[in-house]
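Each in structure tokens, the structures are laid out below.
Consider the two complexes below, in which subunit A is the common component and subunit B and subunit C are the respective partners.
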Partner chain A sequence: MNTSKNQPSPSRLLNWFNPRGRSLEGMAFILNRITALGLTLYLFLHLIVLGTLARGESAYDSFIELVHNPVYIFGEFLVVAAGLIHGFNGLRIFFTSLGIAVPRQKAMLYVLMAIALVASLIFGLRMFTA
Partner chain B sequence: MSAIRWDVTFVVYRAKGDEASHFDTFKLSIDPDEYVLDGVEKIWAFEDRSLCFRHACHHSTCGACGMRVNGVEKLTCITLIRDVTQDGGTLKIEPLRNFPVVSDLVVDMGSLYLRMDEVHARPVVPVPEAEIEKSPKEWPPDDYEYLRLSDCIECGLCMSACPISATSPTYLGPAVLAGAQQNGLSRNPSLLEIVDAENGVWRCHSAYECTAVCPSYVDPARRIMDLRRQVVSERLKRLFNRPKPKIAAVQEANR
Partner chain C sequence: MAEVTLQKSLSAPKTGENTWLWLLKLVTGPLILVLIVVHFVVNHYIGSNGLLTYREILNYYRIWIVPIMEGLFLVLVVSHALLGLRSIILDMHPSRSVLNLINWLFLIAGVVSVVYGIWLIRVVVANIPGS
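So, the complex of A and B:
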């Protein structure tokens, strides 16, 4: 028997992100992890940016000037979209984990993701047109 | 069966002993209304007698022929070729994930069977306790004498599809937790310590892949969520019905 192949192992963590053969809910599982990692990364970047305050008002102001660039605004849009997707998908997980609406969880996923998409578009429009 | 023939390329996972795994390609002219398992059997019968795979009943009762077909866990005896490919298409056949490969498409499912035993999963249940469609509100008492096979056929598809089972060797997994749910914590309180543990019911991350691939309508994800409810209910019950301390019990007896 080839015991080295196919065994469950923590080293197979990247398989969590493999979309091959995954169902819709599996894609939501992957999306939740990607958005969580993105939001965590953003949190650290945010703290680093706030750290520029310690270097004085002018250092902070010059950084703020820099982030008016459309690339940065797009980055901020991704953060907002990630927050909305993660939050709304999290609601589905929260309710189903309490045993609420488990047979309707797929419908709930469609509705909540549609809300997240529409809200992201509204935020995006306001961010790029402000 | 129809007179139509499709040209289908089967790309089959091969692994013998400690040799490196690889894929072999077999081109078959096959009726699309045959099942994937029929194709695998044809390969074994006419192309390569060394191909190892498991099968028995051919009607989704034994749960032996679980494989991955184009990346998705399928019970190959009930998976029509026309549902998973097209004329001129390819079928990639791989063993189930998260079980050690014995040879080619055969995996060792011993860990699943041992865990099913651990939670005392019932292979048969009294008819009124089975979850069947349009069940009556009240069952005649006689019906408790009749047994019905459990829905779970222990095919292991859910254990293969579960992303958490891939990274946690000791996680009980969907089939096992579903077996515990069906057994019920009120019927078998000793299960609480098994399922309300690090590798039990709380390790599920709600990917719902188990339910998506289950060929037998067990709906393991729903059962896991219900088992969580049972765990919380049982813990609360134990919290408020703690045995009285010895001194208080003696004082009460002396009154």
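So, the complex of A and C:
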């Protein structure tokens, strides 16, 4: 594995997101970073938007009506998929950091990403058909 | 050589990252995964329209453990997000003064977010009819 790409400096910031020449673990690293940044941004926007709950039923339900369109639903789907991918990939990092299943982390990554993909599709199906 | 590669593939505290904070970031991950799956199921499967309406949220919060669970979720996810973001910034080798500034900013952002979120949970609970 080319670990030097996982030790970026400010001048090599874009290397974090460069998939060329990376091993599977390196790709998992990029995926973890991209989803982490996206989810953190979403978390704080989500908290701000949930403030409409304090303005009562009509304000909140009007907001829910507003976001019930394909563009927002697609955005929500990306958040759900990012949450599942980051979460299951994070589970691999959790186990390997504790020294569990280190030699099998590639297999673990495949299995956990398959679970994340299937779960994302299940949620996506519900979100786009509700 | 193989051993070196293996060691480098493992997550470990970085320079400037306290071991306890690194451990907190690591341990909060699986807990958040459990809570986020519950959060997604409730919001996208229980909701009649794919998202919970105001009344559906009040009904959900009638279950005594839900406000506690949502509060715990808030604390865990805010801590994990800010510690993770700090960890990414550490990779850019910031100066000591920049890191101090980031530490204070993130601490303030974390406390404000948690206080605001808990206030919001209390508002929802207070609006449950008969509460």
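Rule of thumb we're sticking to: the second predicted complex is superposed on the first by the 112 of 130 C-alpha atoms of A that agree within 3 Å, B and C clash if a C-alpha of one lies under 4 Å from a C-alpha of the other, contacts with A are read in each partner's own complex, and residues count from 1 in each chain.
Please note the rule applied: a residue touches a chain if its C-beta (ideal position, glycine included) is under 8 Å from a C-beta of that chain, and two chains touch if they have at least 3 such contacts.
Just so it is clear, the structure is predicted and the values come from calculations on it, not from any experiment.
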{"item": "Which of subunit B and subunit C A:Val49 touches, first, second, both or neither", "value": "neither"}
{"item": "Which superposed partner A:Gln105 touches (first subunit B, second subunit C, both, neither)", "value": "both"}
{"item": "Greater subunit A contact set [subunit C / subunit B]", "value": "C"}
{"item": "Contacts of A:Ile115 with subunit B and subunit C, given as first, second, both or neither", "value": "neither"}
{"item": "Which of subunit B and subunit C A:Thr96 touches, first, second, both or neither", "value": "both"}
{"item": "Subunit B versus subunit C as contact partner of A:Gly21, first or second or both or neither", "value": "first"}
{"item": "Partner chain(s) touched by A:Val80 [first = subunit B, second = subunit C, both, neither]", "value": "second"}
{"item": "Subunit B and subunit C contact sites that coincide on subunit A, given as residue numbers", "value": "1, 3, 6-10, 13, 16, 25, 93, 96-97, 99, 102-103, 105"}
{"item": "Touching residues on subunit C, where the partner in the complex is subunit A", "value": "5-6, 8-12, 26-27, 29-30, 32-33, 36-37, 40, 44-45, 47, 49-55, 57, 77-78, 81-82, 84-85, 88, 91-93, 109, 113, 116-117, 120, 123-124"}
{"item": "Residues of subunit A defined as touching subunit C within the complex", "value": "1, 3, 6-10, 13, 16, 25, 33, 36-37, 39-40, 43-44, 47, 50-51, 53-54, 56-57, 60-61, 64, 67-68, 73, 76, 80, 83-84, 87-88, 90-91, 93-94, 96-97, 99, 102-103, 105, 119, 123, 126-127, 130"}
{"item": "Contacting residues of subunit A [partner subunit B, same complex]", "value": "1-10, 12-13, 15-16, 20-23, 25-26, 28-29, 93, 96-99, 102-103, 105-106"}
{"item": "Touching residues on subunit B, where the partner in the complex is subunit A", "value": "15, 17-18, 21, 68, 70-73, 95-103, 107-108, 161, 163, 165-169, 171, 205-209, 211-213, 221-222, 225-226, 228-229"}
